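Note that subunit A is present in both complexes that follow, paired respectively with subunit B and with subunit C.
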Partner chain A sequence: MTGDATTATAEGPTRLVGWRRAVSLLGSLQGYIGLVLVLAFGIVTRGGTFLSQSNLTNAVGAFASRGILAVGETLVILTAGIDLSVGSMLGLASMVSAMLLVNQNLPPWVILPACMLCGAVMGLANGIGTTWLRIQPFVMTLATLSVFRGIDRQLSDNVSVGTQVAGADGKLTGNADSFQLFGTPGHNLFTGVVGAGVYYPVLAFVVVCVVGQLALSQTRFGRHVYAVGGNEAAARLSGVNTDRVKIAVFTLCGLLAGFAGPIDAAYSASADPLAGTSYELDAIAAAVIGGASLAGGRGSIVGTFVGALILTLLDNVLGLNAVSDNLQLIIKGCIVVVAVVLQRPDLLRGAADFVRRVARRGAPASTGRSS
Partner chain B sequence: MRLRTLASLAALVLAGAVPAGCASTASPTTGGGGSGGHFVVAYSQSNNAEPYRAQLNIQLQYFMKKYKDVTLLPIADAKQSSATQVSQVQQFVQRKVNALIVSPNEPAPLTAAVKQACQAKIPVVILDRSVNTDCYSAFIGGDNYVAGKKAGELAVKLLPNGGTVGELQGILSDQPQIDRDRGFRDAVKANPKIRISVHREAKWLKDDATRITGQWLAQGQHLDLVYAQNDPMALGAYLAASSAGKEKSMKFIGTDGLAIPDGGIRAVQQGQLAGTFIYPTCAKQAAETVNALLHHRKVAKKTTLDIVAVTPDNAAQMYRDNDFSKFR
Partner chain C sequence: MRGIGKSFPGVRALAGVRLDVHAGEVHALLGENGAGKSTLCNVLSGAFGSYEGSVELAGEPVALHSPGHARRLGIGMIHQELTLVPDMSVADNILLGAEPRTRLGRVDARRMRDRAATLLADVGLRLDPRQPVRQCRIAEQQLIELAKALSGDLRVLIMDEPTSALADAEVRRLFAVIRTLTARGVAVVYISHRLEELEEIADTVTVLRDGGYVGTRAMAGADRAELIGMMVGRPLGELYPRPASVAADAPVRLRAERLTLTGDTRTGRTALHDVDVHVRAGEIVGLAGLMGAGRTEVLESVYGAHGPRAVTGRVTLDGVPYRPRSPRWAIRHGLAMVAEDRKAQSLVLGNTVRFNASLAALARFRRYGRVDRRAEGRAVDEQVAALRVRTPGTQAVVGTLSGGNQQKVVLAKCLLTRPSVLLLDEPTRGVDVGAKAEIYAICHRLAEQGTAILMVSSELPELLALCDRIVVLCEGRVTAELDRAEATQERILTAAMARGTVLTRTAAGRTEEEVHDR
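Let's turn to the complex of A and B:
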C-alpha cells in the first residue's frame, strides 16, 4: 500500500501525495472502521450497559467457539481452500467431550486433548482428501460435513447429553464441576485473583488468535501458507511442499474445532446432536469480514478477530436495543456487505478519485485541496 | 438427433421398468398380509434429529414390539424436508405396506402423498401435524394452544401479585410456536398485572436462549418469570440467569417434558424449572390405533391427547413413567 503513494507522485501533481497518503493510511485502518462503528453505536445507544464487563464477556463468550472455528477457517482460506465441515467437527467434538465426562467420568484436562486429537484426525481426513485424492476442498468438506454430523448423531442416538452430572449426594461430581469452567455461564477461572475472574471461552479465543497471528507472521510455516494461497504453482516451484502445507492447515483447523468442542458443550451445559449446525457460515463470515479473500493469499488472524467481534457485538447491540428479530436479519446482512466493501482499499480509492474528478469539473480552482 | 431420442426413450423405459420390477418383487414378501397373516407397518418421521422426535421413535418401536404379528420397518427420516418425506411415503405405497404412520413435516406438501396411500387402500395414521384431506384413517396429536395456555395458567399461579415476563419463542413461523404463544398470552390475561415485557425468537435452541436472556439481564430488564416454548430454551435462560446470580429470584417454565437426563422433567426435579408440560409423543396411541386398523376394528378419526403438567411434586413419578432409555 505504501507503494501506491510513490507511484502517485509520478502520475499526479505533488500536492496529491498528501491526499494519497491519507487515503492509504485510511485503507490500512479501514478494517477497523466497521468495529469502531459498531462500538460507537453501542456506546451511544446503551453506554454503560454495553461497555459493562459482564455484557462484553457475555457477547464475546457466546461467539468464542465460532471465533475459534473462524481462526482455523482463516488458515484454510489463506491457502485458497475452504472448510465447510467445521460446524460438524465442533458438534462431534462437543459430543465426545460430554460423553467422556458423563460415561467415563474423565477430568477436563484429559477431555480437552482427547477432543483436540479427535478434531485433528477429522481435519487430517479433510486434508488427505483434498491433496492426495485431489478432491476440491468445497466438495470434500461438504461430504465430511455430512459424515461427521452423521457420526455425531449415531453416537448420541439423537439425544442431547447434559454435562451437569450429579453424584449420589445430589451435588455435581468433581469432574462435572470443573468441566463447567470450560464456559458454563457464570463460571470463571482465577476468581479472586483477577477481580471477577476470567471467562475461559474469551481467554481461549484471544490466546488462539494471538498464537495464530504469530504463527502466520513470524514463522516459515506462515509464509508458506501465504505462498500456497497466493500462487500455488510458484510456491511449488520454489520448493514449498504445497500438499504438506494444505494437510497441515486442514489438520490445524480440525484441531481448533476439537479445541472449541468442550467450550460449546459447557456453554449450553449440554452437548446437542445438532450443536454447531451452520457455524461454518459464521466462521467464514468472520474471516471474510476480517479481510480474508476466498481466492486465497490475503487475510490475517487479527482481521478475523475483528470480524468475529463485529459479528457478535452487532448482535449484542441490536439485542440490547430490542430491535425486532426480522429487522436484525436485514441489518446483519447489510453490515456484512458494508464491512467487506470497507476492506477493499481499491474501492475506496476509486470512489475518492471519482469525487475528486467531479469536484475538479465543478470548481477547477479547488482541486484536491479538500484533503 | 434420432439416435439421441432413441437413447433417451430407452432410458425412460428402463427407468420405468426398474421401480416396477422392485414393486413386483417386493409385493409377495411385504404385501402378503391380511387377516391372520403377518403385517408390515412403515413410519415416516419428519426429523429424527429433534429430541422430541427421537423419543417418539424409541417409544413407537417399543410399543409396536408388543404386537407379535406386526413388523415395523426401519423408521424413515425425512430430515426436515417435505420433498424427501413425500418420496418416502410414495415408496412405502409402492411397497404395499399394510399400514402407514406419518408425522408430516408440513401439511400442504404431504397431502397429495397421503391421498395416494389412501387411494391404494393403505390405512394411514397421521401424528401431530394435520394434512389437508380427510382421506386418512386416524389423526392423533397434542394441542399446542393448550400447551401454551397451561403454561400461562401456571405463570398466573406463580405470580399472584403480577410481574414481568420474558418469552423465548421458537422459530417464529413454526405453527407450534404460533399456537403456544397464543395460548400463553390468552392465559396470562387472567391477571392484568402480568406483563410480557420482552419476547424474542430463540429458534428452539439452548445457546440462543442463553445469549438472549443474557442480553435482557444486561439491559437491566427486571424479569420475574421466563416462559420458554421448549425445555432447552428454558434451561438456556436458567443458565444465563444463574450466571448473573438471578436464578433464585426468577421462575422458569418450559414445555415438552422429555424424560431424558438432559430434559425438562429432570430440570423440574432439580428445581431449575418451576414446571414443564409433557407434550404427548402419541407413540402408544399410534401403536394401538395401527393394530386396531390392521384387525379391522373401528378407531376414532381424531384423537387429541391431554397435556400433562410436570410439577416438583410429580416430577420423579413422571420421569419413571416416561423413561424409555432402557429400550433403546
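Let's turn to the complex of A and C:
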C-alpha cells in the first residue's frame, strides 16, 4: 500500500482517489442494494399484499424491539465487544414492565423510565465485568444472558403476565390502555405521519436510530467509540478513557434493551418469561448485514437500520410466499454470509481485475495491485 | 549458486527491478519508504501468488508462489514485523511448519528441543527452548526469528529491517551471525534505513525509488551522499541540521526525580530505579541505552501510561507538582507522546487521517456537545500542511500512507493538543531519509518555540546531532548525563553497558540478571 500512496501523489491523485471513493461507496451501498433486492422481490411476487400498509406495519412493527436492540448491539460491536445478553435483558425488562402495570398499576410514563433504568443497571454490570474484571465480553455476556433470564423466570414464576388488565367495569384500566400505546395494535405505519395517531414501536425505533447515528458521527463520544474499536492502545495513549467508553456502550446497550422491553410486552399484549430469547442473534445479524465488523471500529447505525429492515422485510416476503420456516432460516443465514463478503472492497477489486483480465484476454495479464 | 535475475515490467508497486545476489554476499536494498523494497522481498519469499518477470536460483528459473514453496527452495525471510506466536514456546516457534515427527506421526518433542537449542546456539542466544516467546525481549525475538529462518536448508536469507528494534550491542551480535552465514555461502538480502550499518555489513547495494530500479554499487566504493542522492532523487544538503543551543537559564519545564517503576515480567516491562531527568523549555534531551534499559518506560511513566499505582517519585511541570495518573490526565496538562510502535499504539489504521489527527484534541473542537467538524477540519488541514504530510487528502485511510507520512500524522495528533512537553519514542523508526530530515526540522522548530522535548532513539548519530543533552540509562538506572559538547558514541555506549558496576550495587539488579541469563 505504501507504494500506492506515493504513486497517487506523484501521478494522478484525483483519478485514483475518485476511483477509490467509488469502490468504498459501493462497499457501503451494498446494504441498500440488498434492501432494494428484497423490496423488488416482494413487489414482483406479492405486489399488492406486500406493499399494503397493514403488511408493512406488521413487518416493521414486529421487528421494532429487535431493531432497538440492534442499535445498542452496534455500539458494543463498534468497540470490538459483543453483547449476548440483550435478549435476556429485553425479556427481564418486559417482565418488569408488565408486573409494574399489573401489580402496582403504575402509569406508562413511570414504567418506561423504570425499565430503562433496570436495563442500564444490567448493562452496567456487563460493562464492569468486561473492564474492571477483565472478562472477555463474549464470556461475560454469555454468563449474564443466563443470569438475567434466570431472574426473569424467577420473578414471573414461569408464568406469562398479560398486560390487558380489565377494571371492575370489564373495560381496560386507564393505565393498561395507555400502556398499549407502546405496542399500538390497530395503528398503521403511515397514518401517524398524516396525523391520525402515531405508530409508536416504529417511531421509537427510528428515533433511537437517528439519535444513535448523530451521537456516533457528531460527538466526541462517538469518535472515542470508533477509536477504542479501531485500536484500543492508540485510543488510550491519545487520552481516551477506554474503560469508561466500554462501560458506557454496555450501559447504553442495556438501557436500550430496557427501552425495548415494554414495547415488546405491549406489542404481544403480555410479558412471556421467554420473551426475547435468541433476539441477540437477530440484533448481531442486523449490525453485521449493515456493515459492522466484529473486530471493531467499523460500522454505523444507518447501516444497522438498513440491516434490520432487510432482515424484517425478508422475513415478511418469505412468509408471504409461504416459504417454509426451515428454508427461511437457511436463506437468512446465507444473506449474512453474502452481506459480509460484499463488504470487502478488496474482494470487489479482485473481481473487477478478474473481469478486466478476461475481457482483455490475449493481452499480457496484469497482477493488479500487489499490496 | 550463481544469483537471481528479476524484472517486473508494468506493475505499479514495482517495475523493472533487477537484483543479482551472489552466494556469500550481503546485498543491501536501499530506498525511501514506499520505494518497493518490501514488495520486492515479498515476491522473493513467495508471499504473492503472482508477479511478473523471472527469478533464477542458482541459474535455474524458479516460480515462487507460496512462502512454503520458497522455504523449500532455501529462501528464508525475516519480516519487519515479528511473526512469532507469543504463547507458543521458543522451540515450537522455531520449528513451526517443520516439526520433527516420530514414526507414529507424533511430534518428537525431544528432537525438537535439541534442534531448537542448536539453532539458538547458532544465533548466539542462551534461552530455554521451552520458554514461551511472550517472555522474551524484542531483541531476543528478533534472533529467534533468525533461528527460525535457519531451520531449513538456507540458501538465500532476506532480512527486512532486522535492526529497527535493536540497540547497537544487539546489532553487533546480529552482524556476527550474518557473517558466519555468508561464510557458509548463504546469500543475504538486507534492508535497512541505517546507512552506517550498511557500510559495515553490506558488500553490494541496490537502490530503489518509487518502485523502480535506480542502480547498484559496490558498498566499498559508494559514498553516503551519492547513495542518499540516488534514494531521494535530489541532492540532500545535510542529513542532520545544526541545532540551536539553548540558554542554560531557561526554566525547567519537566522534572522527574527519583522516578521508580515496578517491573512486570509478564509484559516485559523494565523496572526503573530512582531515575532523575529534567528538560528545560526549548531543550531537546535524548534518552540513550540498550534495549530493555528502561528508556520507553521513562516516557511512559511520565505520561501516565502505566497508571498511577506502578509509578513513584516526584514529577513537576513548570515547578508545579504533577502526578502521572493517565494519558488523559497527561494530555490535559500539556504533555504529548509519540509512542514507540506506530501501528500498535498510535494509529487507528483503518480510519482516516483526519480522525487520527484530531483524536487526542477533540475537546478543543467541542461545540454544543458535538464536534465542530469545520473547526476540526481547518485545524487538521493546517497541521497536515505544516508537517508536509503527503496524503491524497485528510479523508484518506491512514493505513495506506507510507511509514514516514504515518509518523507525521502521529506528530500532527500530538501537536494538535498544543503540548508544552513532547515525549518522542523512536520518532524516526521505519521512516525514510527524506521524512527523517523533515521530522528533525519539526523538532527544532518546536524547540525554538519553547517546547521541551524528551526523546528516545536507538540511533546514536541521531541523538548526538539533535539533542542538547543526553541521559544514558542502563537497566532502569541513569548511568551518565552528557552535555552536547562531551557526548560521543563511545562514551554513550560505555555508559549504556555499565551493567557490571550497577550489578554489584543492589541485589534486585542481580536477580534480574540471573533471570535473564538462565
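We take it that the second predicted complex is superposed on the first by the 325 of 371 C-alpha atoms of A that agree within 3 Å, B and C clash if a C-alpha of one lies under 4 Å from a C-alpha of the other, contacts with A are read in each partner's own complex, and residues count from 1 in each chain.
One rule holds in what follows: contacts are C-beta pairs under 8 Å (C-beta built on N, C-alpha and C of every residue); 3 or more make two chains touch, one makes a residue touch a chain.
Keep in mind that this is a model prediction, so the values were computed, not measured.
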Touched partner set for A:S278, first subunit B, second subunit C, both or neither: neither
Touching partner for A:N55 - first (subunit B), second (subunit C), both, neither: first
First, second, both or neither for A:S146, with subunit B first and subunit C second: neither
Partner chain(s) touched by A:T45 [first = subunit B, second = subunit C, both, neither]: neither
Which of subunit B and subunit C A:A233 touches, first, second, both or neither: second
Touching partner for A:N241 - first (subunit B), second (subunit C), both, neither: second
Which of subunit B and subunit C A:Q104 touches, first, second, both or neither: neither
Touched partner set for A:Q154, first subunit B, second subunit C, both or neither: neither
Residues of subunit C that touch subunit A when the two form their complex: 10-14, 33-36, 38-39, 42-43, 48, 50-52, 210-211, 303, 305, 326-328, 330-332, 337, 339, 344-351, 355, 358-360, 362-363, 366, 369-371, 373, 390-393, 396, 399-403, 405, 413, 417
Residues of subunit A that touch subunit B when the two form their complex: 46, 49, 52, 54-55, 58, 62, 102, 153, 157-162, 166, 184-187, 264, 267-270, 272-275, 315-316, 319-320, 322, 325-326
Residues on subunit A engaged by subunit C in the complex (per definition of touch): 1-10, 13, 16-17, 214, 218-220, 222-224, 226-227, 230-231, 233-241, 297-298, 364-367, 369-371
Of all residues in subunit B, those that touch subunit A in their complex: 48-51, 53-55, 172, 198, 200-201, 205-207, 210-212, 214-215, 218-220, 232, 235-236, 239-240, 242-245, 260-262, 266, 270, 328
